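Structures given as structure tokens follow.
Shared between the two complexes below is chain A, which pairs with chain B and chain C, respectively.
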Partner chain A sequence: MSGPLLRAENLRVGFPDGGTWVYPVRGVSFEIGPGEIVGLVGESGSGKTLTALSCSRLVGPPARVSADALGLGDVDLLRASEETLRALRGRRIAMIPQDPLTSLHPSLTIGAQINDALADHGVPRGERRRRVLEVMERVGLPDPPGTLRRYPHELSGGTRQRAIIGLALANAPSLLIADEPTTALDAMIQAQILHLLADLRASWQMSILLISHNLAVVAGVCDRLLVMYAGRIVESGPTAHVLAEPMHPYTRALLDAVPRLESTRRPHGIPGAPPTPWNRPPGCAYHPRCGYRVERCQGEDPPGAPVRPGRLAACWVSQAQGALPVIGTVSPRGASAEPAHRSPGPTADPLFEVTGVTRHFTVGPAWKREVIHALDDVNLRVHRGESLGIVGESGSGKSTLVRLLALLDRPTRGRISYAGEDLAQLRGARLLRFRRRVQIVFQDPYSSLDPRYTVADTIREALVTHRICPPGEEGAHIREVLDKVGLSTHFAGRYPHELSGGQRQRVCIARALAVRPEVLLADEPVSALDVSIQAQILELFEQLRRQERLTLVVVAHDLALIRQVSDRVVTLYLGKVVEEARADVYAVRPRHPYTFALSRSVPSVDRVGELPPVLVRAEPPSAARPPAGCRFHTRCFNAQPRCSRDEPPLDGDDGHRCACFYPVADAQYASLAPPAVDARAGR
Partner chain B sequence: MSAPRAWLRQPAATLVSGGVVAATVLLAIIGPALAPFNPERPTPRVLLPPSPAHIFGTDASGIDVFSVTLAAFRVDVVIALVSVGISLAAGVMLGAVAGYGFNGSRAAAWGSAIILRLLDLVQSIPVFILALALVGMFGQTVRNVVIAVAFVNLPVFARLTRAAVRSVEHREFVAASRALGVREAGILGSHVLPNSLDGTIAYASIAVGGAILLTAGLSFLGAGVRPPTPEWGAEIASGAGYIVTGQWWISVLPGLVLSGVVFSFALLGDAARAALERAGRHAVLPGEQPLTVPAGDERAPA
Partner chain C sequence: MTRYLARRLLEAVPLLILISVAVFFLINIIPGGPTAAYENNPHLTPQDLARIERELGLNQPIYVRYVRWLGAVAHGDWGYSLASRRPVLVEIGERLPNTIYLLGVAFAVTLALGIPIGMLSALRQYSLFDHTSTTLAFMGQSVPIFWFGLILIIVFHVSLRNPLTGLPLLPGGGMYTLGEPFSVWDRVSHLILPVSMLTLATAAQYVRYMRASMLEVVHQDYIRTARAKGAGGRRVVWRHAFKNAALPLVTVIALDLPTLFSGALFTETIFSWPGMGRLFYDSALRFDYALLMGIIMVNAALIILSNLAADVVYGCLDPRIRYV
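Here is the complex of A and B:
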């Protein structure tokens, strides 16, 4: 077959809205060739998922899909009958949905689900078992015959995502649509999944449409990029060209928002939020957030037009000039290439002292009780004025540690003190004083605000609990604290469901700041947000740190992000501290093989066409049965017999401590994975 | 969107059941005044079939069945509403205490276990037998029927509330308030309970129907409110023996009214639950966004 596999021309998706129609997707045109991987990038609400769903005609009433052309090979998707479409789905076009945790049938085994997918497309019974095993082998599911008999809840997140991909691949489709397939996963698993997608293309000539809000994720694997904003494609072209020289200000802003491990340049958020289909501004939908806007942008919506060969951009500025002028090294709004700000700097004055802290959870019914080793003998200090990052995979115990610091949970053994006071002894007024001094921001801004409380009610609760101001005078304080987190006063009366994710997280930060704390604990504060919004929140943290003299403890699984906000970083693995060092050391010279692997698994926008290496296979062992000796030895590329016997102590001077007998040697840095140069730093 | 348009968009079943429930409550207030005949005084016009004068006919004592049916609204519906009100209030309180962990307090765990075992005990006795026994022990007064009906309904409300509290308790806004230093009782009252009541309140409507049925059932067996108080169950019982001899109207017509009322309360409860789920969908389920909603991150301000 020659020509494109999938072709969409002027695709529109509309929803009825009180007599009129709104169009979340309005005139999208693109093609995907056989064996091509195309990235579809944009913030939440830009219409990416709807575009993808329309390609397999999965957008049902009341929505209406229309297009000048929408074809898969020789099939006209717009006119195909429901029966034709059903035969097509899975067989020729398959989807990987967003959430690996809820996309599998919870009460069928993995094998049964793949088997069903095969049966639906008429694979004879005798052949199915062989095909199931074949599929599982191909997506790299561990121990295929064993996994066959398992239920989704028995598998880890990464394994589940592989199973979902297996399900999608069962009938060898020619087009795979992957909707944020790695967003819910840790960096190391993400790298493995990206490799899997690349392999599928290489060995199967499969075409893939990869959807993501993060340019770094698509940079390594996609041939071409489509950048989507407010229901339209604003820029398209070959990945390397788009990333090296973006032709649309939005693409450039997305690029500047990505945190980079190797660079000290701060990521810059995109100011504001993307418009909804109901309140799209006239003219170019992006102009209110754009630093390049000219008068024409407010009146006329620019059509997508070729700026260079193979490059389309919907921007008056780049169409007129043939390029976007470079203003500074980042987008003009972001202003300068300021080096990472490191004030007010740590002092020798420890606020938190964590001594020999162990936290075990007992789970399961009496006859198969298990002890989960969430934390084992952790020692740690948090100094006044510093910003401490805690990094690790899911299940490393990092959230448990933060909950212990926030006194939302108590250690099984060991002692935590704050400013010399043992947390276990705090009662009454002293406990309340501690609560005021230490505040916490949670991961999920959707669940950390009471849906029945307005923004003002939420902040007022903090003010009233700690008698911050005389009764009746909360209004002024609420306005002040909203202003600090960059929200205007009219948000005070809103309910959480009227706010975007980034705005909700700002409200959570405002609630914490309202009591004027000394320490702000943040548990994965941005992992539920778009990259563009993540950078905004990180900027806010940095600004608060300077202005409010806050001590920060930030937990995240993303090392690039941790590096941007922290002075000092602690790596946790299966409940143990394995390395502790200054943040800049982490980028260039981590010593522990685990931290090294973690740092190399971060995808980078500067490494186009190059995937992060998979240095560590498989997934962490269960915290119910941590391996003897060094807990990392089962996955370690440097492991020796001794590692499975003895436990390495956390050694080193105050600047850099590492718990490893065979740390990463100098020679290994070059051979295992050369760090990427920051290609854009010189400009 | 204006209120009348929202009303008109409801499915027909909701409108009809809502209408019947509204009429039922109205009749509980003015029903006895509308009765064309005295529903308590016997007359010689016994066992007359339905006619324009007596549209439901008359019973063996010569009492107008329609008048009894109308007057009984006050007895049955009031008993049901009051008893469900009591069991709702008490059940929510017990369920909240049994469900909420008070941040891992040991005393709360014991309290919860004791409450749950007591509820088990109540629920292990068949509802009807339990109500019969209660009325039998304490006497056949309206007050005791109310208490009996409230008592047998209480465990369901307590369990519903407990389940909801247990799921809301683990949401992060609870931990956020705890980290702020808000007292546990305050968190329970101001954050956890308000977010736990949707299902319980929707069930209350269904329970009113059930309570009417139970009240009538007790009277049917002669254990409910005492004759000659006009009451559906008693009237149905008084006509039961005549069905075989052809005087069907004494039992069947009040029975149909009873069924219609119970059914409407149940339908309305379902509609209420669906409406609460719709209203609370984006607010209650964390991070979930239905694919068919065209907005991604942000919603248009209402």
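Here is the complex of A and C:
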């Protein structure tokens, strides 16, 4: 291997801030060798994206990029002219941006956009069409000649992400920078995209810088890891070593935050939030959140120094001791090996009873009207005091179900009752009472709070609507409920834009709790948040369940996460319940092939260098034309001719129901995917 | 698409009827009428006036008159102008091309100024050019256009003289000089002042729209994607930024056409331009009911058509729009 492909030394990115400069990236050094996949990990706001953008010099004014060295091969990126850089971008260094919807030109076809990318680098017109099809084939876009003529909004999330990767690969770059390429995607599609990246390296010797906030995503493909915090790299080293024995407390905390499917160890959030470039604490930027901190950490910022061969860490503790001591408490608040404290179990008292519920949506113009089968004949119960998880990929109907339960929508057919009362019959005071008893928390805390309302206003509105307390006494209630969700009272006067994502979601939960509900419905409550913050919110849910005796219904596409918060899990596929079982059964022994595939697609921090297997095609069929018989048979690895004719009933006892003629057999567990050993469980 | 067009055109019919009802009743409740001009004429007795009213059908109740008007229009008979005694359609047919000529040129100039200035302003945000153009645009929007027209006449027609001939620098009215043979310069010189007047406010508005729209688009992720692909500066600006930034402008243009028509009213009156605006002004003064109705209905139809055209264009430019 000749020298590194990309080399950055003491890279800094600064923004002017009223006369001075602030540095979101302050002295980052790293190298990427040819054919190497390097992971860059850290929470939102740690400077990952700015670091990536600096590598292709896409950080524009007013920001300023400086470095002791920043080179791609023999090109000095700092001194290169805009013309040189332009020729470099796409040709030698390409990027995959995070959001596949907003990153594609909305009014050009996919084909035209890839074609443009080729034209920008002087590929002659005659060759382009062939090359476009080649690239589309390479990234696994379905039906290339057809997809060529599609616009971005006509494609699903996974297909769009493939199209973006196609754009990046069009000119066969030697370095690919992938900025959270799978964060917006379902687990199955994520697994396929990760396979694609690994494949590109294997077949094209491409170097990849993979950015993610989730260690589990990078664990499978990356050779080396860079962990970034508050604008600096705090730890680096080979993936296996870093994950097996982290040298920086932050890495260890990130590792503890990842939800694990196979393990009963609960994920632990990192308390607090990463500092912004404006309010970085003195000394080590991580010390206020660190469980290992010593006096020196508050005064002196540790430089990155070798702790072991090939391992750098910026931590006074590990530098002094050569390793991080294993202590009982990893984070000041958390606990590592303590058993999962399960809340009071479910009772036999059903709160929600869903009977034969169907919800169809009619879309499209009159002459080509389509019926979307969002839910078909769904039966389920939610018992008082239990936590029910609903899992499924995008388009499975899980959000529709939550909306029906919250009475934000009404079923096309079927009946939903709450505590014996038919929801369809609720009017006036009884409706208002239902609205108080059942509260909902939405997926995106950025758009579900009124930006012109302070935190107190948002909560007060709920209190006043439901006359929770005598007028004038709202203040005390607001303080009380903020305290319950772990926010100090000075947040009351803040506006949503002044809060971080995790804090916002806490406000949403506080708003829901303020009216003393019996049931909390949560629709993907953490999928918009960093892993470290996700765990915090999950802990909060668990704690509230115990203290407030709440019944919880949580919807998510991440099975590992659902497993951590639920007693019982229901799998939805294309509007049908296909499996229903206790959460611990789900993790070890799902019977339905769909749930099985779903559970195996979750990446794990415990399987270094090993990617989740892709057991089924990632894209579900259209909900407008659900397949006959078993709806899953078009993707199923166990499908027999019978599956396309007859629809399997949901069979089994209360402990475990499954709608499948040919459930996953014992022998298949070993052959399809060996269950990972929780390497760190026994430590 | 054909179905969509057919449906939209069908929908326009009841809309036009509704407009005609509203307008018909509105112009009839204005005090005065076609006979008002004769009332102080000592040679006409009250009997004469009553006879004139009877002959014009003005003694009928208003709804009878409306139904008769509507029935006649349905047969293609728009009636006669009271003042000129010529068919309404002939009057309009003579004036409409002149107005479209004036508005067309003014509109082309508006876009030719507004779009590039707005784009450049956005691309060089906070530069001297940006500050100057936004300030001027703000002023342009604030100036009352009839006042601006009068100032133009005072400066370029009254005060400034052509140093060679001693004649006014620019003509102060009309479409061309009467009695002179056709010449391009003659036509152009007559256009300069009215077009400037029409352009000022709308161009200023377009600068602001284009700048805002462009600023929004250049910060979108797909612009970054384009740059990361290695697309050249010009390509990023035109193919990626402009194409998407121009979309909202189409709606603005459609909503602006009525404003242009009303702007034409002032402009044509001030510059004695023989177009629809002045015809409207003159016939309103004379209570020329049939002609007024004709003019307003033609304008209404033009506005409905231009909105439809905008929707169609929008659909062609933005693939996310589907006709329903």
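Quick note on the criterion: the second predicted complex is superposed on the first by the 675 of 683 C-alpha atoms of A that agree within 3 Å, B and C clash if a C-alpha of one lies under 4 Å from a C-alpha of the other, contacts with A are read in each partner's own complex, and residues count from 1 in each chain.
The criterion applied here is as follows: contacts are C-beta pairs under 8 Å (C-beta built on N, C-alpha and C of every residue); 3 or more make two chains touch, one makes a residue touch a chain.
Only a predicted model underlies this, so the values are computations on that prediction, with no experimental measurement involved.
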item: Three-chain arrangement built on chain A, chain B and chain C clash or fit; value: clash
item: First (chain B), second (chain C), both or neither touched by A:446; value: first
item: Which of chain B and chain C A:498 touches, first, second, both or neither; value: first
item: Partner chain(s) touched by A:89 [first = chain B, second = chain C, both, neither]; value: second
item: Chain B versus chain C, judged by how many residues of chain A each one touches; value: B
item: Partner chain in contact with A:43 - chain B first, chain C second, else both or neither; value: first
item: Touched partner set for A:408, first chain B, second chain C, both or neither; value: first
item: Chain B versus chain C as contact partner of A:437, first or second or both or neither; value: neither
item: Partner chain in contact with A:56 - chain B first, chain C second, else both or neither; value: second
item: First, second, both or neither for A:274, with chain B first and chain C second; value: first
item: Clash-bearing segment of chain B, relative to chain C, as chosen among 76-84, 94-102, 256-264 or 274-282; value: 256-264
item: Residues of chain C defined as touching chain A within the complex; value: 3, 220-222, 224-233, 235, 239-240, 243-244, 247, 317-320, 322-324
item: Touching residues (chain side chain A, partner chain C) in the complex; value: 56, 58, 82, 86-91, 94-95, 97, 99, 102-109, 116-117, 120-121, 151, 153-154, 164, 167-168, 170-171, 365, 367
item: Complex contact set, residues of chain B against chain A; value: 1, 103, 171-173, 175-182, 190-191, 194-195, 280, 282-284, 286-287, 291-292, 294-302
item: Residues of chain A that touch chain B when the two form their complex; value: 13, 15, 18, 22, 24, 43-47, 49-50, 53, 59-60, 62-63, 273-274, 276-279, 403, 406-408, 431-432, 435-436, 438-440, 442-444, 446-453, 461-462, 465-466, 494-502, 508, 511, 515, 528, 530
